[in-house]
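I've put the structures underneath this note.
Shared between the two complexes below is subunit A, which has subunit B as its partner in the first and subunit C in the second.
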Partner chain A sequence: MINIENYHRPSSISEAVQLLQQGEATIVAGGTDLTPQIEAGARQFESTLINIQRVEEMRGISVTSGRYRIGGLTTVTDILESTTLAADIPVLVEAADHFASPQIRNAATLAGNLCNASPAGDMCIPLLLLDAQVELVSWIDESVSTRRLALCDFFIGPGKTVLQKNELLTAVEFKQPVAGFSASFQKSGPRPALEISTVAMGFAGVLEAGVLRGVRIAIGAVAPTPLRATATELVLEGRSLNESAIAQAVEAVQEEVKPIDDVRASAWYRTHLSGVYIRRALALFQGVTAHAA
Partner chain B sequence: MQLEIEIKFSLNGRMVQTKVPPTMTTLVMLRENFDLTGGKLACGEGECGACTVKIDDRTINSCLMFAVDCDGREVQTIEGLGGVAGLEIMQQAFVDHGAIQCGYCMPGMIMQARYVVDQNTDKSHQLSRDDIARGLEGNVCRCSGYTKVVDAVAAVILDEASA
Partner chain C sequence: MSSIKMGKAIQTSPVFEKKTIIGQRVTKPDAPDKASGRTVYINDMVLPRMLFGKILHCDRVHAKIISIDTSAAKALAGVHAVLTGYDIPELKFGPTRDNRTLKAGKVRCIRDEVAAVAAESEQIAAEAIGLIKVEYEDLPPVFSPTEALKQGAPVVHEDHPDNRSLSYEFSHGDVAAAEVNSDIVIEHEFEVPYVTHCCMGPGCVIADFETNGKLTMYSQTQYPYNYKMDLAPAVGIHPGDIRVIQPPVGGAFGSKLDVYPFEPICALLSKAVGRPVKLTFSREEEFINSPTRQPAEFKIRSGVNKDGTLTFRSVDCLMNNGAYTSWGPTTPVIQMRTFTGHFRVPVVEYKGLAAYTNSVYAGSFRGYGNVQATFVTASVMDMLAEAVGMDPIAFRLKNAQKPGEVTPQGSKLDDCKLRECIEIAAEKTDFLKKYKLYAQDRVNAGRIKHGIGIATSIHNAGGAKIHKSDGCGSILKLDDYARATLITGASEIGQGIDAVLSQIVMEELGIPMSDITIVNNDTALGPWDVGVHASRTTFVTGNSALRAAKAARKQILRAAARQSNVSAEQMDLREGHVVQADNGVSIIKLDKLLRQMHFAEEPELVMVSEYYEPDSELEDKNHVGNLSATWAHGAYVAEVEVDTETGEVKVVKMTAVQDVGRVINRLGIEGQMEGGISVSLGYALSEQLQIKDGKVLNPNFRDYKVPTAPETPEIELHFVESDCKASPLGCKGIAELPAIIPAPAIANAVYNAIGVRFFAPPLTPEKVARALHDQVPDNTQ
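What follows is the complex of A and B.
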């Protein structure tokens, strides 16, 4: 067992990244991923722990001139209870509603969910539909340095991201979706809660003069990272929603997913479910857009 | 030597102070440093809710939260719900409805039930049985079958609405 030599509790981003610059450290947020991983021996602490829970500037949801910002320490409960998001970006609230249990949602942070980089992580799915960016902060040349990166470029493998050891994920940002934007979130499982996704699918698009535009498809638990199904998006882009387009989308998505067999489901079942979900997502989309027209 | 951190927080309404290693969970601290053995270690993975306590105004699984993080916060456990004054109304309702069997899950279940009812500040919307069940979905009971648990919580909601 690693002996913890230092414990820090910074209260600002600047303080936190200066600590990270001093050498290997484990960042602790809600602990809902970290604690079970440590207990199971799947991961070890570094000798320095940095508890970021008191960095108040990393909490909260705000909108500035059409740009939404969700602080990294915002909890899944905060997202679920946000009246702003419920009105403007309901797909984020839907994903939060399917997340774990009330007690886990109260502790689980958005940054923790993204940095844990589980292929079955749920909050990245709606964020991928929104072309979200992550804000990564570090301490370079005696000052705070910030870079922004598309969320789809953030994940590189199960549990792996491009986050550097000296970086902190401070916020997620995205633009106000275009008028007519309609999005859905589906997650498999016999109960809404405490279910690690066997497949989660997000779909978004706009119906413009009878054809689909701006199609976004994000799928969880079917590849080493959360997947943007760009080939399937292309199949649907500019099409009118008829049975032939739907059948081609089902075929394309089943071709595009690269699932594995594990304790929760077989690769065959995940592939099958991806087809079912795209069909359902398109039906939902049709229902909503027909209703709006 | 193992690093220990000194922390200070409000525990069931009283300021307390203790020393904890940075990797100790809140559940272990409550049980070992304060002898508050209501919260139980069952799964230790966030799946069952037997360790549910309230931190500030939110319930959490204390088996997943590091004890050091309690510093400066308000912690409430089942022992602080009714206390020496007797049983709190939610606890009494569980007794009256025969919702408790072995009792192992109950300190967590009742903390969460109290939270679910208190969270609903919208008086025009009375929580349904489905709302109650969803609020308790992070709490597993291996004995009772949940029906009487929901009965007990529904009775408290009715009682408090008419009070």
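What follows is the complex of A and C.
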């Protein structure tokens, strides 16, 4: 049953978090996850609905002295069409391109995708590669209060984050990757459109004097949260890319993922695909870096 | 149009060339409104004073109903009626009368309807449903048909203590002897899944019980005339007191070929409140409660001699009946024809049995049992070919029937085009060259493996006589302006019959399509028809319309001949004129002639009615008889790429060759074939309603994967046109074969690519990857 008693359309972050502070509120932006969850009875509206679509300061992509900032209300289409990101951070654009369908991309926001905290959330993967931080804002002691948190510490379980009830995810920030940074995004599924990942994998790193540095591996749909595969990263860090390193990485990643059996795939298949994808990611990386060199 | 001078007169008469609309590409008349959003579908309809119905489905799979408390629901403001199975008489319905509307006593599957509400809004109805309290006592359930048939299994229906539902047996010749005399005998088991129709318009009905006791149903049904007969016992009224109106629907594909409980429940709600009531399924309800394709397990033994001659085929089919019987367990009637009659098999045997379980139940679905049969036979044909060392084409040609042969069940293959279909399919795809190349390449390293595969089948293409009549009536009238109205029994459920019937009228009467109106959505107006099924609509209702159009034409030309020195035989109707057939010169404008006929001293309206009954036979009790007036074959070739690491199968190209008799609407037939291929692509690779312990695990489009545009392959179509003698129009029914044949062609192509045979569709990436992984030790990855 829809039992919304109050509806607000704040036009600033300050206004939004003051409303949030009053409690019992549901935030809606694109609504592409919220609406089906409500429809399915998996979630209920709180008594207050706050539509944050008019908070313009939460929208847009900017770069300030080597630091990228993407507003929480930026849509997946905005990311897909950003020439800045296409030039500087193509892996983000690639993930956006794999995201749902054009209609959903037009409405779905970055903050929504992160706060939904699906282990299969597509946008989480490239942002984990970029060591992104989330900006969480609340209203404390009659003023706006901001805290920043590494994205990898933001997720705590399927659909669960450390976001407090009075907090709003206003933006995502990350530093410009170091020179030579190369990243890839892969996603599986029996059909390309509107696919929930069986496994999604992001890989990033730099090739320095023939050895791998700054290895980042992020995997979707293989654990309760989008996973940073730190053990596998360590296996590869400082290694030259030979068959033995690749084989060890495959073994490590298959050890590190903790998938479940569900209606989409078995744990066995997700583990298998993780191995396939790390091998492909490394081949891609090798191809790109060889080309660059 | 041109003109020539007539005698001394200055006035000239226009001249019209003979043109034909048959075989042309014609836009469906309903397409512009559908494309622009103007169409009012049944789901959009609102009637004055209409209330909204909702059903409480049980959350158990097998349980006694101890009590139902509806008091809180009844007390809710805006609720007009709450019904349970204890408020209404026990009215049985369904093909075997084993179902009832609202359940009482016990529930047998997750779909069971326990209570229903009529309220001012959908929201209030939903809230009221949430207030109904039902107390159950669980009973031990049974889900597998094999388990259900064992001694001591839980009993689903007390009047069927052995859980046996429908059964079928057919045999021809001595299987044991044939087996002894066969050089090679193979036996395999197949299992086919639950899949569902995925109509874009979810289940919806509006029932309006009038004060005079008559019932009007606004229904999605695709068989309106028999629907009245099937609905009546569920509501407890006379079939003659039911009027069925068919607003535009968002798809049916066989799913609306039966009465499902929500329809009579809606009628009972309307009766209770004295107002129209609309009941609509949510997408989730649609996935859970609408019928599926019949799942089944097959055991098939087949024999062949070293020279490649088929010797026998023996099939055991075990079907999960689910809790009640809809059309699913009757599909062996069609399925059997393929097992016993596809290719020349001298000795055949078929046994089919459906067992009651606490699972959901299946209905009819485009292909009607032949989808399952063709997956099995087309796979086995490839295995037999390999066993005798022949290629798939030569082996099939060796065993293909010739025109005039009759199958053991009596299907008369008078104009059999099976050989042509196979030969064209092989030639157009360069089949043998690719087949050998890909098979050799299997042993080489490489992530992507290519494969090519063929499958063929046979299907009824001249209706299917499963009722005493398989006919259709047509009433055709022309008004004073030469506008024609065809009132037909044919139902339009999106398949495009309105365009086809307009073409037929246009061809005979020489009037433009835009001057033809098709009326076919009201049983109070339309004459009898058996409905949209069995690929029969163009064949049966088209030939009925042709009769009516010919009768009207005859009447018009007779009248024209009376006032002209040209005989009726020397006249033709072209572009709104009566013309001389030899030179096309106009004799009189058609509308002028019609007015002259109408306002004559002995007035005459052009208004004819005709009935067409195809030349087919009911089966006898041994399942023998020429069930369809004609039969058609098809041969489809799939070309695939298999990713041997992820197991993903990509269909690159589908080449379809089909005997269609004669193309009527080229655009329509292309649409039907492409759509059918998409249905079969899903069956082959991705679609499966996952049911565990009687519950549906993926009742949504996120996890039930219908093919989308990007994975649709390139499609190449070839029509074999034979001008079918059994059909006055020359056409054959075409709509089901495209949904039947592609899946096993894909499975055969996957075998060609990777050497793995799959016995249970869909070939999901995981299934393919697992099979490849189990073949190869892990360390060789």
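Simple rule for what comes next: the second predicted complex is superposed on the first by the 290 of 293 C-alpha atoms of A that agree within 3 Å, B and C clash if a C-alpha of one lies under 4 Å from a C-alpha of the other, contacts with A are read in each partner's own complex, and residues count from 1 in each chain.
The rule we apply is simple: a residue touches a chain if its C-beta (ideal position, glycine included) is under 8 Å from a C-beta of that chain, and two chains touch if they have at least 3 such contacts.
The model shown is predicted, which means the values in this text are computed figures rather than measured ones.
Colleague: Determine, for the superposed model, which of the two partners subunit B and subunit C contacts more residues of subunit A.
Modeller: Of subunit B and subunit C, B contacts more residues of subunit A.
Colleague: Applying the document's definition of touch, where does A:250 land relative to subunit B and subunit C: first, second, both, or neither?
Modeller: A:250 contacts subunit C only, not subunit B.
Colleague: With the two complexes superposed on chain A, say which partner A:159 touches: subunit B (first), subunit C (second), both, or neither.
Modeller: Neither partner.
Colleague: Identify the partner contact of A:35: answer first if only subunit B is touched, second if only subunit C is, both if each is, neither if none is.
Modeller: Only subunit B; A:35 stays clear of subunit C.
Colleague: For A:188, is the partner it touches subunit B (first), subunit C (second), both, or none of the two (neither)?
Modeller: So A:188 only meets subunit C here.
Colleague: Just to be sure I read the superposition right, which of the two partners does A:106 touch: subunit B = first, subunit C = second, or both, or neither?
Modeller: Once the two structures are laid over each other on A, A:106 reaches subunit B alone.
Colleague: Is A:196 in contact with subunit B, with subunit C, with both, or with neither (first, second, both, neither)?
Modeller: second
Colleague: Counting only touches as set out at the top, which of subunit B and subunit C does A:276 meet: first, second, both, neither?
Modeller: second
Colleague: Contacts for A:266 in the overlay, against subunit B (first) and subunit C (second): which applies, first, second, both or neither?
Modeller: After superposition on chain A, A:266 lies in contact with subunit C alone.
Colleague: Hey, what residues of subunit A end up touching subunit B and subunit C alike?
Modeller: On subunit A, the overlap between the subunit B and subunit C contacts is residues 39, 191-194.
Colleague: Which residues of subunit B touch subunit A once you look at their complex with the stated criterion?
Modeller: 2-3, 5, 21-23, 25, 44-47, 49, 52, 58-61, 63-66, 68-69, 71, 112, 115-116, 134-135, 137-139
Colleague: Contact residues on subunit C for subunit A in the complex?
Modeller: 123, 126-127, 130, 282, 284, 645-646, 648, 685-686, 690, 697-698, 700-703, 705, 707-711, 764-766, 769-770, 773, 781
Colleague: Which residues of subunit A touch subunit C in their complex?
Modeller: Against subunit C, the touching part of subunit A is residues 1-2, 39-40, 188, 190-194, 196, 198, 250, 263-266, 268-269, 272-273, 275-276, 280.
Colleague: Sort out for me which residues of subunit A touch subunit B in the complex.
Modeller: 3-7, 9, 28, 30-32, 35-36, 38-39, 45, 49, 51, 53, 77, 100-104, 106-107, 191-194
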